[in-house]
Amino acid sequence: MTRPSGRNPDEMRHISFERNFTMHAEGSVLVSFGDTRVLCNATVESRVPRWMKAQDKKGGWVTAEYGMLPRSTNMRMGREAARGKQGGRTMEIQRLIGRSLRAAVDLEKLDGFTITVDCDVIQADGGTRTASISGGWVALHDAIQSLIVDGRINADPMLDPVASVSVGIFDGTPVLDLDYAEDSNAETDMNVVTNSKQGLIEIQGTAEAAPFSDTELQAMMQLAHKGIGEILEAQANAIGD
Amino acid sequence: MTRPSGRNPDEMRHISFERNFTMHAEGSVLVSFGDTRVLCNATVESRVPRWMKAQDKKGGWVTAEYGMLPRSTNMRMGREAARGKQGGRTMEIQRLIGRSLRAAVDLEKLDGFTITVDCDVIQADGGTRTASISGGWVALHDAIQSLIVDGRINADPMLDPVASVSVGIFDGTPVLDLDYAEDSNAETDMNVVTNSKQGLIEIQGTAEAAPFSDTELQAMMQLAHKGIGEILEAQANAIGD
Amino acid sequence: MTRPSGRNPDEMRHISFERNFTMHAEGSVLVSFGDTRVLCNATVESRVPRWMKAQDKKGGWVTAEYGMLPRSTNMRMGREAARGKQGGRTMEIQRLIGRSLRAAVDLEKLDGFTITVDCDVIQADGGTRTASISGGWVALHDAIQSLIVDGRINADPMLDPVASVSVGIFDGTPVLDLDYAEDSNAETDMNVVTNSKQGLIEIQGTAEAAPFSDTELQAMMQLAHKGIGEILEAQANAIGD
Amino acid sequence: MTRPSGRNPDEMRHISFERNFTMHAEGSVLVSFGDTRVLCNATVESRVPRWMKAQDKKGGWVTAEYGMLPRSTNMRMGREAARGKQGGRTMEIQRLIGRSLRAAVDLEKLDGFTITVDCDVIQADGGTRTASISGGWVALHDAIQSLIVDGRINADPMLDPVASVSVGIFDGTPVLDLDYAEDSNAETDMNVVTNSKQGLIEIQGTAEAAPFSDTELQAMMQLAHKGIGEILEAQANAIGD
Amino acid sequence: MTRPSGRNPDEMRHISFERNFTMHAEGSVLVSFGDTRVLCNATVESRVPRWMKAQDKKGGWVTAEYGMLPRSTNMRMGREAARGKQGGRTMEIQRLIGRSLRAAVDLEKLDGFTITVDCDVIQADGGTRTASISGGWVALHDAIQSLIVDGRINADPMLDPVASVSVGIFDGTPVLDLDYAEDSNAETDMNVVTNSKQGLIEIQGTAEAAPFSDTELQAMMQLAHKGIGEILEAQANAIGD
Amino acid sequence: MTRPSGRNPDEMRHISFERNFTMHAEGSVLVSFGDTRVLCNATVESRVPRWMKAQDKKGGWVTAEYGMLPRSTNMRMGREAARGKQGGRTMEIQRLIGRSLRAAVDLEKLDGFTITVDCDVIQADGGTRTASISGGWVALHDAIQSLIVDGRINADPMLDPVASVSVGIFDGTPVLDLDYAEDSNAETDMNVVTNSKQGLIEIQGTAEAAPFSDTELQAMMQLAHKGIGEILEAQANAIGD
């Protein structure tokens, strides 16, 4: 088996995090997983969602929104704003990003604040959701740092760092970090989100062409832990830890 | 650890499939997983989706839609038709059901037909999506049988049977087939879809309160295979195999 | 003239009310008018509509929503939630149900509460709106009883019972309680709602194929009173009066 | 009982039809029922609705749309175009107008044409739907005449003329043609549509405050026939018959 | 060059303002620019927009909405309320009208009130937006007068009167007040809004077929000032100054 | 008068065009006007709009869409896709961009093709619409070049280059290329689009705080010609002419 990119089965694409990519957001990161580029902007607002107020729930909130620029893909996709609604795939992905990033934060310590992480895909080549989570974490980190630096919160609400990668079965072989050429032909595609202690936060695996076995699941999990380890290291380097 | 329902950790709720529940649909099944009741109606139409026509793609299609009656839940939920759009959870679930049921069918043999499986939740007590997939498979089976009996297709397009169950970590213990009392307090919630050969079709696991380990993942997978085995047996009994 | 069902012109279909059909709603009734089956769930909420608050209007409110499951009909209908809006027929019917049920209640005595009656058609064979009103009344009754039993209201707000039936001119003859085979071929179709004293609450008559005369109107009114009388009796039996 | 307007119980408001009110429409009529003014524009298009094509149904079609200018009423109403949907009342009314006007036309003779009658309320003082039907009939007549004059259809598709009036019970007395002051305080409000032979096309009666009896229904029907007779005469005068 | 209407290049169409056209609005004006007729209704409400409240901004607000009756044009246009959204052209025009009319009012003196000017096109023959602004000003004037007469505001908030006209290049010649026959064939189309001191409030010029020069721009500006002068005079006559 | 940026009244911000910014689009340009950054992607599709087909109109089409990333601005704006519609400002701007770019192309020579120019604002600091037009022209140029290079069209459809700049009156002085600090406080704001021969394609001037005179209009026009001259030069350099 040869991967379209020539990579080894357990080899990640080049990963980078460009912080302060735009000037207005409290956290702004352009994340690249190979040719996939996602702009992650974290916004801090002094408010909590209506449902938290209604339930008199203490703490803060972290949420995410996801979008693809119409021509981030090979064929132009219709603009969701023009079509008048977000598609099912968009909703599914932004719910996944939101849950994953909330797992990285002690929401009680974020009391009174909502952080919205906007993940907008500038260029897509597979793995936009895992890049969004991984880059979104850096943007979230920077936004929360700004709250700490400004003395708006007392205790650091960041828990263990969180990152995400895709794994799959391509041509019968478990592979790490699928690009579009693999993703569109893989038998199985799985997205894994963990923290820095290999604690699983989300796994979403789909048999695209053929069912996969428990053994293959375990092989993919191992690849995922390896890949996420490298992403966590790159995140740490990016934020200067 | 005692489950709210008093069940053993690896014990399913009572499962039943009531076929021909309504009179118009080609396949109509009321599935019960304990107090969760979902009406699954499979509709056969002599058409293929627009995108298949546009791509000159051969074969047929299977899709699913999901809805909850406003008072299927403990608190009344606003009607999606009145709010003017389907929520993200609805879209996520109906995409999952659709993918799962397509894995049970050789679409090429369904040439020219679309089968839509409507899963409408009459009463919810946890596990509506796994009940929908499991009951939807029976409705799909009946609809396809009607095509065969009527001589509208030549070869049986049914592949291995498909079923689904939820597993989770409740109070530190892996448990099978969570009801609402567990689901709303579980540390982890995972939905598993497999075929009758334990081939994995979908897994979607979410750490609600605490990350879970690879070991816990494996324990949950074992429970899932046990539970799905029982559901597959109940399906087989229901269709009289 | 022979009716497709073989019934006499003044003969109702079999009517039944299955109370406590689901477990969450304060009132939950599966009503059957022959093969037409509608699930009527009444929900009590401690709030009044915004417009009542804005006008400082005293009392409570009763409203209704109506929907058809996509495959409750012979041909599958698109799901209104997916199409993004409720159709004109749906709106017309749920407004009719709401007005009819409000006529059964002294709203002042329901002070501070809103009761929403959801009428969801499980299986359609003509007369879904009259079944909804008649079954909705039983669900409304049960919901209000729960308020009285729980001591949340002091005085019983129920006025005279309300029921509804359809009448029409089929093949030149006035007939009672049209099923789909008649409904789709009738010259005239009329829905009548009255209370138990034959007080008219709503009449909506439409000449589908040919105008009807005042004499025919009177003949249909007589049939309607007969039919509603039987429904009111079945309602009384159902609630155990 | 004295009516707010000082009219006798069986006295209509002044009715007028101003033809050719605008210059583009094939039929354009400003109808006045007292202070209620509705602009009815009938448009002829060489097409039939999609559902007729799909069913290979012969003939033509007549349909109606209804709207109120935001400040046609005492309090400004939000613009439906801005709110993004037509309300239930609007849909109910335009469906009523459409059914009523279709009863005035032999659709087979309108082969290949759709006539859309737009009824836009310029000023509202009660009875906008009955004015719309009565004025819409004149606009429809003019549009069809233009088809005949231009030789685009061979046979005159107009059946018996159609008109509509409201009746009600006000302060215990049956009254004809309610204005807003009566309409908003009537015990019962009923809209009646007939042809010129007193053939009933639509009746929609609602008990606003108190149920009404069969005797009151008959009294209202008599008033309705009287009123519609006068409107039909005014229509005939307007079109010069 | 001969204009389709036979007018001189610097000749306006006949302009008229019919005040109190409807009875409910605080200001109600039917404005005619030749065959173009727009009903402008100004509504006074004792409230300010949500964003003003949120910003604790003093004063009042003036806004506008625009719509075309479906058959105000030569071909019937789909009703925006039925299509579920206002088109881009509608939004563009109502934003222009709103900005133009706000320039005629000292908003601080309108403290606590919102005036909404609804401009609904009854009949279109070019220049509907300039007619809307010019007629809307008269309706706005009347609405504000009613506030003054009723003693609800102390100081007159009206600033210099505002009016608008279109100019263009037709067949190589600058022309004033284009009708539809010109508008649809002009090389350039420009809408100008000024106050009574020739102070420019809005200019929007578009090269439809060929770019225009600075010299042509100046020639068109001169025509615009001439035309607006005549409209301002007609406005003054209408309000009896 | 000192500009917030310290620039001279007739001094542009730094302008740059980064071509091939993304890899999928036929033309992809990141344009910067100072801190304002807009990604302009031009997509070529082998189709014409429905209305062109319906009218059997020859040639091709150029259109534009505009969007702002939620956090391109100082305060986060709600995502239009999530709100379910594009706002009036968005529609107004994308219509302006589309008209401006069409003026740069001989549509007949683009026979059978539609080019869509998506302008997505990455970072906003005033002048996003003028940057979009100027950068969109470069993207459009590149997309059309790819058609020529690939031999899909025979004749070059590009007409004179088109660019755009904003001018305004700030603190009483006419200024060129307003940034946000000026834009939000200017008395007048005007956007000018011309071709390389100073032929005017669009002018849209708005008196934000005070009406402006014809003399000021002319002064602003002179500044606009100067600024557009510099942009055209930068465009020419970017495309290597």
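The letters A, B, C, D, E and F name the chains in turn, as written, and every chain counts its residues from 1.
Basically, a residue touches a chain if its C-beta (ideal position, glycine included) is under 8 Å from a C-beta of that chain, and two chains touch if they have at least 3 such contacts.
What you see is a predicted model; the values in this text were computed from it and never measured.
Using the contact threshold fixed earlier, the set of chains in contact with both chain E and chain F is empty. Using the contact threshold fixed earlier, the set of chains in contact with both chain C and chain E is D.
Greatest Cα centroid separation from chain B: this falls to E. Look at the CA centroids: the one farthest from the centroid of chain C belongs to F. Because chain B and chain C carry the same sequence, their contact can be compared by residue number, and over half of the numbers here are used by both. Counted by residue number, the contact pairs of E-F are over half the same as those of C-D, the matching pair from B-C, A-F or C-D. With each centre defined as the average position of its C-alpha atoms, the distance from chain A to chain D rounds to 58 Å. For this pair, chain D with chain F, the centres built from the Cα atoms lie 50 Å apart. Averaging Cα coordinates per chain places chain A and chain B 27 Å apart. The multi-chain contact residues of chain F, meaning those touching 2 or more other chains, are 84-85.
Order of chains round the ring, from chain C towards chain D, by the touch criterion defined above: C, D, E, F, A, B.
If you check the complex, the residues on chain A that touch chain F are 22-25, 28, 35, 37, 39, 41, 43, 45, 65, 67, 69-74, 76, 79-82, 84-86, 90, 116, 118, 120, 122-124. The touching residues of chain D, when paired with chain C in their complex, are 85, 87-89, 91-92, 94-95, 99, 103, 188, 190, 194-195, 197-207, 210-214, 216-218, 221.
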